[in-house]
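What follows is a set of structures to go through.
In what comes next, chain A is part of two complexes: it sits with chain B in the first one and with chain C in the second one.
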Partner chain A sequence: MAVGARRGSSYVFLVPAFLLYTAFVVYPLFTGLTYSFFSWKGTLRAGFAGWDNYAGLLSGAFLDQLLPALGHNVLLFAGTMAVQNTLGLVFALALSRARRGKRALQTMFALPYLVNPLVIGYLWTLLLSPAFGPVNALLKPLGLAMPWLGDPDTALPTVVLITTWQWVGFPMLLFSAALGGIPQEYAEAARTDGAGSWQVFRRITLPLLKPAMATVTILSFIGSMGTFALVYALGGSNGAPAGATDVLGLLFYRTAFASGDVNAMGTSSALAVFMFTFIFGSTLLLERVLRRKA
Partner chain B sequence: MRLAVAAVALAAAVTACAPSTTASAGHQGKITLSVWGWGPEANFDKMFAEYEKLNPGVDVDARSFTTSTEYDTILSTGLAGDSGPDLAWLRAGPQLQPLVEAGRLLPLDTKDVPGLADFDEGVLRAAKGDKDGKVYGVPFAVQTLQVIYNKKIFADNGITPPKTYAEMLASADKLKAKGVIPFAFGGKDDWMLPIVASIFGTAHWGGDEFLADVKAKRKKFADPRFVEGIDQLNKLKPYFPENVAGVSYTDAQILFSSGKAAMFPGGLWELNFFGENAKDVELGVFTPPTPEGQGLMPGFTDGSYGVNVKTRHKAEALKFAAWLASKDYGRLYTDTLRIFSAVPGVTPEDPLLAEVATAFDQHGATYFMNEFAYGNPSSAAVFSKALQEMLLGRLTAKEAAEQLDESVSTWL
Partner chain C sequence: MKAAAVRILLWGYAAFSMAPLVVMVLSSLRPTGDIFDQPLGWPTGFGNYAKAWTEASFSTYVVNSAVVVVCAVLLGAGVSLLAAYPLGRREFRGRSALAAYFVSGMTLPAHLGVLPLFYLLESMGLVDSLTGLVLVYAAGSVPFNVFVLTAFFRQLPHELDEAASLDGAGPFATFWHVMLPLVRPALATVVVFQFVPIWNDFFYPLVLMRDETKLTLPVGLTHFFGQFQNDWGTLFAGLVMTTIPLVVLFVLATRQIVAGLTAGMNR
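For the complex of A and B:
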């Protein structure tokens, strides 16, 4: 009885958080959902539209933008995994062996992610500018000058590299923490049994890093799917050049704020619901698969 | 007790904010008209001070939102609630329609705003509701598109503004040989692409006549004349900065203002920018000629002053709108901002502006993109991207034009 009463009263303490969560998370999400089922005249709600706004997303002209944008999000995720998180792991391993300056180096690697992505994007457009940029000025004598952000073939890989530059400290910190949690005894025991350092890494370190990898993967996925500020600063709202850096976030921005379409509110709400459902669903799925393996 | 005091204070505040039933003067005998817009606030203060002098009972409070990309959102939110201004700058054409459809604006007629009767029909169209054909704003500016050039670089190289197409190319060759970039143009910010395409191409497709044919579905953009017009971007590519699709708008501005480039194809608003950021560069303007001869100078209405349907001072707001449509204001606007006022019959003081005004009078045309910027995704966005792909060599001019046709067919 006493326990039950205590538990009952403990729920009272959840009320403020619950109210805040409802007011600032549940309510806006729900509003967005309802908006997507109405047709709009500017900011004025007109009639019930059923699935019309969703059908609009799948109409030829819009789908021509939606699919490439989604594809670029997925490519960004793949690029982030391949470049940023691999480098993050390499740095973490290297740092775990460092005898001195470990903390200083960790801070230095992590520093860029304290800077706003818009600022980072702006800095890199200046650095990579074909007219004034120092990067090409340095590379030109070597014959290695590249169009970087000016060519659709190199633009997205450049975005991946800049993202890596900014965020590599993040997987590095997570991997460092995970590495610190692996007892030395395992590796020592393996070495006593004659395992080489590659075998120790492959058979002991890597399997024990799996939970950290799952976390990094899921966070990278959410980050890549929701990216906006950096690509906006690098290629503007249309994902220049020629839409090569267009992503869902930019498409949403254009639809909601820059299209001038009378029903922009309806279409963009439907797009927002699609994005939320897609990211939420994929994350759940990813989580399932990764946790099971881990 | 404290609560009671707060309640009383709140009640007092609410009463103070409540709309006054009498539209005439308030308690202090002075009413405040709030105006929202974009661009430098100092300009507004300077212009509206004149109105305050003429109308001692009115205080015009101008607020400027420098982040022009967010202005639309701020305005539509303000007008939807009670926090909106009495008057506001409105976008032209398609971007205006969401506010019109939502019923946020007061339709204006010549009874309240007599000056509207004298406005050019083409100018006024940008301030009209597409469906009801009513006028919702007093247009404030007309922008023209042309080539701006550095007079000193021209003189140093023995070049004068070209009279023929061949002369233009010869001059560009000469500049290039001297290591000067002929045209400062960046294709990375894709909104610049249709602007530059229209500067060099409008005369090729025959200006307004061609646009009327497309609107009436007698012709398509894939018409050889239009294709030839936008193909000018490809033909002039050797005279643009290297890797042009990677050069941003600001890069192009800096190329010109730093004297690395001799010409800048762009809008009249650039005169203000260069006037402030490249004070030592003496500017001139010309309309690029075509192989057939005389070129056309495209122009468009930039925006208008609209009246909030919920304004508490309707009579005063309309009186102010009437002043905004007058020649007095037109002159004030042109001389303060160095931009053409949309008010008809205003002669600019600035000699360069006067020169452009004459050229526009003689060889003016409508900027095609603003007339075809409807749809979601908007045809302007689709075509800007297609032009970028054309500049990158991924599409031919004809394919780019076909993409525009396809996009236009979704709403025309």
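For the complex of A and C:
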């Protein structure tokens, strides 16, 4: 067989994947980018708009939705770091001392994250229902019944708790793996030098966990920024109650498909590009700050 | 003393972690009236499942989801397998550029292209069609699949191709008779990793599907929740039915993957 023919056959293998991926992933993404620079009348392109659509994102009416939504994403991230990832670290440390049942425990902690976020959202809506839900039924005798998702003040913290319940097994597994990689000798050496267990944790374990923490932080950031199905199930596409759980993903969905604005395609495409730039840029920044060698 | 505290913390949280799922399963087996009387209690029967399956068209949703997931995973894995073979094992011009082109898709936010995608599918008559969803999911799975499979092809011993070509096998025969049997474990990994996100995906069908008879489970679930708002027993049954296929997959897949890996080693 001729060498040329053999080489040519390589391309034959590549054609189906290339066509599929180019048509349904790459082409829509780049077309979406160009959409954001045109003004639109429904689905008709009305003319080059330059940066107008982006300026529109920062105009009064839209900004009043954009800022709270972005703020809620950031609060979700902060809440996830404070509650979910702290608990994940505590559990990983506890698990490293457990002698029996490690596997069973890990499985039980991790099981909720296999479940569809939409199912999680609806399940908790029922469980936390103020009138008929089992959670308040259990808490009422203790005088701890709460409005949970029903009150704008408690709705977002409740979302943080639900996210924590679903995902805590994930930082736990990452931290467990990192703890497993720290040689026992370090702690032993420190103890012979008279270090207490807090000092061992503070001066040895914690610094060695830094890479794992960076990974957990970055993945939590991307997860918190992209949340959609869970909040949709909990509060619908408007982020009920009273927009208290509105996030960027919901705002994008409403702008693109439910706003009734003639320029919806321009505005939502600009919003999509803004979201991508913001999330990608922040991730790179986090990456640089967190992975810096001290 | 301290060890006891650690054990209580861990097993206590494990119980908390499992409790909502246990309540979900128990409640799905109780009539709605009982749930409203007494939020927690023991199961009494399967009536809710029958109702969700027939009255709430869960049967339709489950069949649609199964068809879409199976076709998309097979199509995505198939085209990626073909592409990964030359990318991982053969020399040709533009190989590294093409590999980078495919893999860069892992970092691209595919959801942001949803509007053009909608109009593209509309122009092809594929909005509101399961075929459209299959194409979108299969295409979306290409970057990850190509990445994993290329790496796998690359680490197979080089003598294999040489032996095959000495025996007079062309690239297609080599691919089919020599490579395909060897990549089965990697293929199992790819299939399992794509199954879950596609089964769970909510965004694309929310945007692309309107026809009630063509909905997949996640969007079907949102309609179902509007429709059966006050029938909690049926709601719980629907949630369990959406979750069970994934549990089954995980039970089956762990064995499948382990079997595949060991089979690969014995060769």
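Note that in this section the second predicted complex is superposed on the first by the 264 of 294 C-alpha atoms of A that agree within 3 Å, B and C clash if a C-alpha of one lies under 4 Å from a C-alpha of the other, contacts with A are read in each partner's own complex, and residues count from 1 in each chain.
Everything that follows uses one rule, which is that a contact is a pair of C-beta atoms (placed from the backbone, for glycine too) under 8 Å apart; a residue touches a chain by one contact, two chains touch by 3 or more.
As the structure is a computational prediction, the values presented were derived from the model and not from experiment.
Looking at the superposition, the partner that touches the larger set of chain A residues, chain B or chain C, turns out to be C. Using the contact criterion defined above for the overlaid structures, shared-chain residue A:A240 touches chain B, although it does not reach chain C.
By the touch criterion defined above, A:S269 reaches chain C but does not reach chain B.
Using the contact criterion defined above for the overlaid structures, shared-chain residue A:F62 touches chain B, although it does not reach chain C.
In the overlay built on the shared chain, the residue A:F132 is in contact with chain B and with chain C.
When the shared chain is aligned, chain C comes close enough to touch A:L29, but chain B does not.
Once chain A of one complex is fitted onto chain A of the other, the partner contacts of A:F257 extend to both chain B and chain C. Residue contacts after overlaying the shared chain place A:L290 against neither chain B nor chain C. In the superposed model, A:T43 lies in contact with both chain B and chain C. Counting contacts by the rule stated earlier, residues 43, 132, 257 of chain A appear in both its interface with chain B and its interface with chain C.
Those residues of chain B lying in contact with chain A across their complex are 69-70, 72-73, 76-77, 79-80, 91, 94-95, 97-104, 187-190, 241-243, 245-248, 251-252, 254-255, 373-378, 381-382, 384-385, 388-389, 392, 394, 406-407, 410.
Of all residues in chain A, only 41-44, 56, 60-62, 65, 125, 129-132, 147-152, 235-236, 238, 240-243, 254-255, 257-264, 267 touch chain B in the complex they form.
Residues 3, 6-7, 9-11, 13-14, 16-18, 20-21, 23-24, 27, 35-36, 39-40, 75, 78-80, 82-83, 85-87, 90-93, 95, 98, 102, 105, 108-117, 119-120, 135-136, 138-140, 142-143, 146, 170-172, 175, 196, 199-200, 202-203, 206-207, 218, 221-222, 225, 232, 235-236, 239, 242-243, 246-247, 250 of chain C are the ones touching chain A in the complex. Interface residues of chain A facing chain C in the complex, by the touch rule stated above, are 1, 6-7, 9-11, 13-14, 16-18, 20-21, 23-32, 35, 43, 90-91, 94-95, 97-98, 101, 104-105, 108-109, 111-112, 114-119, 122-124, 126-127, 132-134, 137-138, 165, 168-169, 228-229, 232-233, 253, 256-257, 265, 268-269, 272-273, 275-276, 279-280.
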